[in-house]
């Protein structure tokens, strides 16, 4: 019930936030912040007394009681569809990330949103609710439902509060994800059908659908359906082209949520569903997937370098970074998987922060074009320093979270294929190139004379607080990632065991 | 005392963080004090720990916490302390302290005083982590950390985009090496199951035979990192450009400490390199080639800092040569003495630049001998040590390198000859610098000579550059015992005399003018060589054509997302269908009826044809 | 009936022909009146086929349907003619090709 | 005919009664308010009658088949008619006079639809369809002003009559081949007829499909749809889209099932081609349409293309597995489609009225901020059309995909997925237009009270969401039919 409540709090909070606009324009964002904090506090208080948290056991796929939390209620018994939510280490990590970044996104929307504050915050909260659902749902029907429904408020966030080209971007985002979602729906239903033929039972439950026996050919096709849906969201090369537009056009808070959380649902889906449901097919497919991942790493980096739009550059850097996640998942050993999970968390913070910086710049300069910037450090040293920090994080400076992630991925990947690792490692070089050019064009270089009398305001309290949270998080992840690793470890362990048994019949 | 070593990097780090946080509000005095004293404290601590160690030379390891643990991969935030660590720490904190002190005066006028010291302190911290690291991953952390600090400091005056360009070049070029090194780490872990340096070398010795392919690949990958960081061929091009940073930065990072990290890395992993004689040979050859290439280039430069930069490249080449021939101790020894005299030279040049209104061109200087006596003597001593004139610190270290190179079994004499040529050139260009800048007629008037905060480091470094050669570095335990062989005496005599010849030549050419080389220089071949050498053997040009421009062109092509064009095509197809079909909706009823008739015929055809087949 | 021993298929052929003629008329005629007439032809073609089939099976159903078709056709034409009046009034023409304000 | 059969005919009787009362009323005193009420009460009575008749389900002569399934759709159609009625009240109020005939036509058309739904014989099908159609011509052409309704009506009349002719000719051929006019009889004799006169039987069936296909506006019999949708008064468009199409599809299903047409591969092939063409062409046509009524016309083409999958799946299911899903699928999809379409047309009728320029997309800009209830209803309707979860349309699509997988109709499934992917674009365009904030945005004025249309829209909105998010009761209900 805790998990249902978590989602309900956000849903209702959204309604309250929307209605609260009548009380004043600046009320909704406070409401939203309170709601998210409440949700977080609720989750933490529920976890507090949980003895299993200190010594997480491996969640067995065939035994829901070994999971941290499990909830199941009938929903559409005609098809064996139930409201089944469960929480294990990885889900918990993602849920925590979602809530923290959600709060950060509210902070990002503080001054960014000019109209319809209430509806904006409502959409934000609803998106978060949908994402939580995605991370917790273990009924495939329910998962698909959250997967699709979370896009709608996100669509509104881009379409209503986005920048100059918002219509196009929102549409592209929605169509890419929906069209790929259709494939997943087809694959899901086919999987259920196969399971139905085998057992005579309708069931959408993850636990029932694991180990569904099916011919190799079928497994390949079904796996592909899931795979495409997830890698579009991830996004992986060559399905990434919605991302630069959506990220660039979204309002800051939208970009934060998109990059910080929504992309992770794709990675989560791969780890949770695409591979475990079809272990053999995934194994056969892993070379293609890893090739796509490596291509994405390099391609995203090259594209990032060619951009002159601040946000677009950051967006392409996401493509590059998520390539590592794809590599990590399909290397499918403990090191690489830990790296992928780590990357999900670390990238969430680093990219969210960069988008917030981009948003702050746009708010102050009314442009994202880096050709209009230059030498901003002089007027906004704090923002410059913060930007430098996150740029360094994004290029994988050891000591910060992203490095741990990328290194673990590469380490795991190396055991599978040194050559793909070598290609992916090119991303470290190209990553440095685009990251540094970002700093050069915006904060360094000759100050743009046009901006001299702009009276630019440096980061102040609220912004610094938000940034500090993320900086501390990244340093913590970089120097002592163990808590995160420990949370994910038992889950990955059981996934690995399960699939390895499958792979060797 | 040993369990305090974690404080050594921590103090400068904390100071750096404090300086960053308080950059807007702290008064300058506090900033200076914080910056200098933190490194001073680190130096004192190092000294104390070092004394302890010398009394009881027992290497020890200290784990602060496990950095991460995934399966059997569990690198720690852990330090390892032995003689080599001590030498490196002493150089870093000692020379670092002096340079910090120097900087308080040098940077006095700068608006970003706090930022400067924050970066510089952070650099010291990172460098300390690098040399103290117990495992390669933590070493990599320090390694990248110093790279970032170098980037930040080279581009310290960020408003000039040329500086930014230089800084990025420094970072990216070294990153290429670093990536190779990272791959090396991956390979080592995958093969040996650990990244703890000591344990790893042990496993490697058990698992691999001398001459195996895997250690060769691993060593070459590590060498890639070392080559990048230490500015050796083919990744040396960033160092001359990195001179865009403030001069004390050049002294600290690009002469004394960071650029020698590659040497340290190879020395630290000597156990691996011993398993790969081919890699050792490559190290030696790279070192020799770099040292000669850079020496020739230094000879042609007119920018005082670039001369010193190429000289640094050249000297590190010597160190590589030493490592390559197995003269580990000599290499580290040269590292130390080089740190003394090159820091001295850089600081000296910093003083000149500071008081000469940021003049870099040595041909616009001249006759500074009397105006800046402290600087003059610094340069004299520094150049003497650089040229390895007898009794200077450089002499002892370089002499050892050359002698051991001679003993290298495969190509010893050739390496030795190459080294000699380099030594000759070194002597020529270093005294060329002295003669041109300090003798002759005065062309620019300096504002005065150094204040005490600049003078003191110079004087101390002068002393170190003179007597540093008598130090005995406690690394005997770290490296395998060298063979007790000695080459024939004539080898030694030749080695000693060559620098002196260089000095003489330099005197004759650049001071007395008795040896006129104008004709040679002005010949077409001479001109060509001059340009060729001046440009650093055209390597920058080559890289620009092979890598930089194609990358820009590629990104220029890609800016509009070729992949998106595919989706654009899909959209266009749909739009075309939409267009055609919308055209078909003419609004004319007869046309609609025609469509229905067509439909009827279609349905009838489908229905009838197949049933006819079924008959 | 018995006297005229025409095979069913022949009548069906004739009615098909009639139907096709009606359809052709629909396609080539512009005048709304002629269009309505063509429709009548088509409906009657169907009716003819029904009658013939009814005769073939010896059932009254065919004739009944024929009557229904007559009624239906009458209703269609009645409404149709009503609309024709309106068309004439508003468009000032009976040319159906000119009534194409809606398209695309 | 016994009493039970009479009771089974209760809905038809009630509607006929209403029609008679309306005529009498019009001849006594012309009062459109009263006529509206009579119609409304008549519909409510019929609703009751439909419930009442559930006790007496049975075949009534050979012409009509009164069963639960048909009664359910009767109910659904009556609900749709009630909504049409409510919408018509405002839509036609500027017309002023002669409204009574409109209501009469409405009642007659509904009567036709009910007969059509319950028909089990070619004659009743013909009568029901023509009654419904002829009344519809009148309804479409009802507005006195403007040329579009007239143009729409005449086009519909001519094309529809042409389609009727095809249908009738098809019937004649089938009759000629089998010698039976009732579906059941025809089905029973079809197998024998197929071996003797395959060409005549197939040609007849194909022509019937073509004729019914016209009413469902599947490609290539779709051309009339946009023009009629656009030209007809909006409530009538809604009526056409829901009642007329729904009833015809039910009739088609009965004919197809009882006539055992699913046995013939060639017919399945023809149906498949038509279905696929409809899915793709419909969506492509809608892609850049700016008139929302035309857009919905095109979208309906695609939707009936989707729906045909069920009939095709039936063919495969018959040979392989139980057809339990199939009945549910038709019921659910059609119900979802009707409810969703009603929601959409309710909003459009309210906003656009009879002004053609107001049904352009640009007129919907910023609707979210002007009228959140209506905008939400339209948004949910669009999401339901697009098949987004939590809406009724999603469950419908769920069934279709499930059926395609079960029957392994991969090509059709591919077309369904492709079509749905294309469709997202134009549904989203509408939503995007409504959410625009730019331009001269009037701040939401506090509206006095919710109008009747708002309530209808809100109810339909809730119904769409309820069907989508809690479908279990309805699935059970549909399964029991």
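Worth a mention:
As written, the chain order gives the labels A, B, C and D, with residue 1 at the start of each chain.
What we mean here is this: a residue touches a chain if its C-beta (ideal position, glycine included) is under 8 Å from a C-beta of that chain, and two chains touch if they have at least 3 such contacts.
Every value quoted in this text rests on a predicted model; they were computed, and no experiment measured them.
Taking the definition of touch as given, a chain qualifies here only if it contacts chain C and chain D alike; those chains are B. Central chain by Cα centroid: A, whose mean Cα position is closest to the mean of all protein Cα atoms. Distance between chain centres (mean CA atoms), chain A to chain B: 37 Å. Inter-chain spacing, taken between the CA centroids of chain B and chain D, is 77 Å.
Computed centre separation for the pair chain B/chain C is 94 angstrom, with centres defined by C-alpha atoms.
Note on chain placement: the centre of chain A and the centre of chain D lie 43 Å apart, centres being C-alpha means. Contacts with at least two other chains are made by residues 154-155, 158, 162, 166, 226-227, 289 of chain D. In chain B, the positions touching at least two other chains are 582, 585, 587, 589, 593. Taken residue by residue, chain C touches two or more other chains at 23, 26, 35, 96, 99-104, whereas all remaining positions touch fewer. Each chain pair that touches appears in this list: A-B, A-D, B-C, B-D, C-D.
Residues of chain B touching chain D in their complex: 574-575, 577-578, 581-582, 584-585, 587, 589, 591-593, 595-596, 598-600, 602-604, 606-612, 614-615. Interface of chain C with chain D (complex): residues 8, 12, 15-16, 19, 22-23, 26, 32, 35-36, 39, 42-43, 45-47, 49-50, 52-54, 56-57, 59, 61-62, 64-65, 68-69, 72, 75-76, 79-80, 83-84, 86-87, 90-91, 96, 99-104.
On the side of chain A, the complex with chain B involves touching residues 237-238, 240-241, 244, 299, 302-303, 305-307, 334-335, 338, 375, 377-378, 381, 385, 388, 392, 397-399, 403-404, 407-408, 410-411, 414-415, 418, 421-422, 425-426, 428-429, 432-433, 436-437, 440, 443-447, 479-482, 485, 489.
Those residues of chain B that touch chain C in the shared complex are 582, 585-590, 593-594, 597. Contacts from chain C toward chain B in the complex involve residues 23, 26-30, 35, 96-97, 99-104.
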